[in-house]
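Shared chain: subunit A. Partners: subunit B in the first complex, subunit C in the second.
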Partner chain A sequence: MTDATATFDVRRHGPASVVDIRGDVTAGSEDVLMSAYAAAGDAEAIVLNFSDLSYMNSGGIGLLVTLLVRANRRSQQLMAYGLSDHYRQIFELTRLDEAVSIHDSEQSALNAADAG
Partner chain B sequence: MDGMDDRTVENTREKQVAARDATYWAKAVSRLNVSNVPEGAINLNVTGKRLAGPIQGFGKMWQKTYQVSLPRERVSPMDLIATWKQRFPDFWPEGNSFYAPLTGIEPGEVALLNMTLPGKMKLSTGVMVLYADEESFTLMTPQGHMFAGWITFSATEVDGQTVAQAQVLMRASDPIFELGLTLGGHRQEDRFWNQTLTAVADHFGEFAEVDTQVVCVDKRRQWSRWSNVWHSSAIRSTGYMMGAPVRALRGLTRRSRVVR
Partner chain C sequence: MSTLTGSFRRRFLDRAGVDRAVRDAASAKPVALVDEPPPVDIAPNDPLLAYLQGASGVVGIETLELDSPALTAMKAAGVQLAVPLVSQGELIGVLNLGPRRSEQDYSLDDRKLLDNLAAQAAPALRVGQLVRQQQAEARTRERFEQELEVARLIQQNFLPKQLPDLPGWEVAALYRPAREVGGDFYDVISLPDGQVGFVVGDVTDKGVPAALVMAATRSVLRASAQRLVEPGEVLERVNEHLCPDMPPKMFVTCLYGVLEPATGRFRFANAGHDLPYVKTADGSVELRARGMPLGLMTGMAYEEKETVLAPGDSLLLHSDGVVEAHDPDGHMFGFPRLKEAVATYPGGGELIDLVLADLREHTGPDAEQEDDITMVTLARAGGSTPAEEGPAPMRQLTEFDVPSAEGNERLALTTVSAVVAPLGLTDARLERLETAVGEATMNAMEHGNGYRADQPVKVRVLTGSGQVRVQITDQGGASTDRESETPDIEAKLAGLQRPRGWGLFLIKNMVDEAHEMSDGKVHTLELVMHLDDKSEIEHERGDDDDQ
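For the complex of A and B:
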């Protein structure tokens, strides 16, 4: 549980930073996720791309809450796309979807970031 | 042929991932339902409530981590979690009751909690098993619980030791609970989980010091959530207790009517 088994690559798109997530997101991913967040810099929106997510446990969901707090502190929007039906349900179950806006595609998320 | 094999491997992996997802996580629920109320348990403040995570709470956000280390040769992480799941209520401090679901700690199951707060106040609430695998399980709170959040119990191997951990990510649910936490509630909670982990270590024949780490993740209170107080399990449990004599009287009256 403590080993990082996911990678987080950051791309900049105008006012948004897109974080491409690959692998298993667990509590052990904290350092790599927070490094990615630091690399995202002063973007107005952080867009999490879950298209290549293999797995996420409850520790991973906890990390997203921590990330959300940090983003809110800097008045950044937190968005997500590429979630499978299963993880959409998990976002609803944990009520993370009330604070992280979920989009069907990267373009949709970027448009929302532009509009925001 | 190779392409076919790759596709087969990919399909198998997708199926395994889907099975893992379905097995470990609770299914989506809009409101909680307690199907079987164990004898002696008070089912209050759970049925019909929604789950509430740290985002829905009122107070400051805290991450509290309690750890205890045991020799690996005494117990493996997987065996520790299997035992913890199986005997979860036994490890709770005295005066507090965890009524585990009949099927045990399984994703989606709801457990009832009857707790004693300072001033001997009784509080009835519950939790839902949000996630459970071989190395960890997570309980999430309903609206009205003392705090909004979840607790993850896990075990890992670190340097030849099996480290058992309880980690709470929470905000006090409403202004009253926030005040309570500030006025000694945090200390009481720390004591609660220290006693729990000590009991886990004791079960495996070890006396071990519990390491406690407390981090304030968010200092801000979410004032827009003050109205969570409407669901307060403390207020509703107190009301229920105060209504006990009236309920008893009604029961007697009804019985005497039947006798006549």
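For the complex of A and C:
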């Protein structure tokens, strides 16, 4: 695996953990993403911030599916915001948007997390 | 009897073997009444010749008075009568008679008999002479025909026994030797990675020498083509091989091109051969590449060019026997007419037939073919395979290799994006193409090339007909390791499918058309985006659920 060209920082907001994704989400990002997921701990909702995403490929989508499986297992909700139109379209095509709730902003995501 | 020999014979040498006929007539002994006297030479300027030619019949030698060395010799040899054999006013022989065996003088009846004999023998002798002359000519002709047959056999033995069956392509060829076999040849060579080499060549000179040089050229070319592939390098190598052994004043012109059937890419080099024509949507164009004929000089370099044969395009390789065919007034068929024919006529075998018909009309139906005629055509079907829709020619924008290593799909997509950007795709569609190129390159590196560093992925970008086409080729034409199941998020979440496997699905949804082509060696995925935006809306789903 190539080195991940990404940093995933985790911030805690009440019941939600926000993961700030910077750089690429590819198959090579697995370790970084899973560390971030571990750092997010037992938050009820994991909010993925894609605002600074530069590139995501099918390997990255596969990785999100893996994350989704783990989150589902722990009954955690997976959310996303900051997706560009392009990646939003890819979420729709792959129907990831049915399993990951997509929001226009962090606030909208956090509100939804609070409500959940 | 005596014969006409020596200087007399020499004088008659140019008259169709009269000397031999005269001697044969003498040795046949039709009037061997006496022992044969020794032969007597009659010099060309001897007055006896004129006398005999003008004589009205048998000539008594003993009583003849002429200042003639031949006459003196004949008298000395005991010749009594000379019977001139004259056919159509020409002295073609003389019967010389010694004394009668009975030792009586020749009677009047004898002389009449000899006159009659001479009158009948002369035409018969003439016929005999003509028959021998024809037989000699026939023998010469036969030797010539045998040599031609050998040349023809060599030639035909080295022509391809069959043409390749390339899906989406029509390959046709014609080799029609002139009676005096020239040095034309063509060849079709299977190369690594499903590529096919096409050769048309012409050896100067005719007959067996040309056929032998042709055979040598073909063999060296075949061997070099397998090792080197690149047309310019191949011709360079062939030239180096041929130069040392090439007979003086002989050389070979040759066009060598390599086709990638999956993509239509045609690379070629030319060693002084007539330029091929390609029929495109815009008419026919010449394929130019510089290079000296083979076998003239060592150290030659051959320029290599390439073009892409788009769907509907057809290529004609030809020899000079076509354009240099003359009509009865001496006008050549000419390049412009052939070029026009390529532009107007359908490609493939039909093109060959129609050009032949034009040639027949040009030369007249009964004209003997002056030189070998060779034509090889290569026509790409217009729409019979997925990549072959639309008749317009495609222009190549770029081509590059991407080493098969993880992460290198970024290299492919950024390069393609930069090249395609000026074509006017909207940002959203350009981004979709980028994603598709990235995914296709990943698949090619992984499933096609198994991430082997020495097997790069080839990326080619073409445009034309309001489209941009990106062709991504790997070496896994026979690979079965390709995504086949349609990914389903629920199946994946339920653990029924692996999390990955989104690549091909994404590709197909990102671009307007995606075509897969595989020939057992290479695999090409062609991505097509239409440059107008009519299809934009079709990709929107409109079921946002961001609340």
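Worth pointing out:
Criterion: the second predicted complex is superposed on the first by the 115 of 116 C-alpha atoms of A that agree within 3 Å, B and C clash if a C-alpha of one lies under 4 Å from a C-alpha of the other, contacts with A are read in each partner's own complex, and residues count from 1 in each chain.
Basically, a residue touches a chain if its C-beta (ideal position, glycine included) is under 8 Å from a C-beta of that chain, and two chains touch if they have at least 3 such contacts.
Quick caveat: nothing in here was measured; it's all calculated off a predicted structure.
In the three-chain model built by superposing on subunit A, subunit B clashes with subunit C. In the superposition on chain A, A:Ile102 makes contact with subunit C only, while subunit B stays out of contact range. Contacts of A:Gln89 after superposition on the shared chain: both subunit B and subunit C are touched. Of the two partner chains placed by the overlay, subunit B and subunit C both lie in contact with A:Thr66. Of the two partner chains placed by the overlay, subunit B and subunit C both lie in contact with A:Asn57. Touched residues of subunit A were counted for both subunit B and subunit C, and C has more of them. Shared contact residues of subunit A, touching subunit B in one structure and subunit C in the other: 1-2, 27, 55, 57-59, 62, 65-66, 68-69, 72, 86, 89-90, 92-96, 98-99. Taken in their complex, subunit A has these residues touching subunit C: 1-2, 26-28, 55, 57-59, 61-63, 65-66, 68-69, 72, 85-86, 89-90, 92-99, 101-104, 108.
By the touch criterion stated above, subunit A contacts subunit B in their complex at residues 1-2, 27, 54-55, 57-59, 62, 65-66, 68-69, 72-73, 86, 89-90, 92-96, 98-99. Remark: subunit C residues 406-407, 409-410, 428, 431-432, 435, 438-439, 442, 487-490, 492-493, 495, 498-503, 505-506, 509, 539-541, 543-547 touch subunit A in the complex. On the subunit B side of its complex with subunit A, the touching residues are 17-18, 20-22, 24-29, 50-56, 61, 63, 130-131, 133, 135-136, 138, 140, 150, 152, 154, 156, 158, 167, 169, 217-218.
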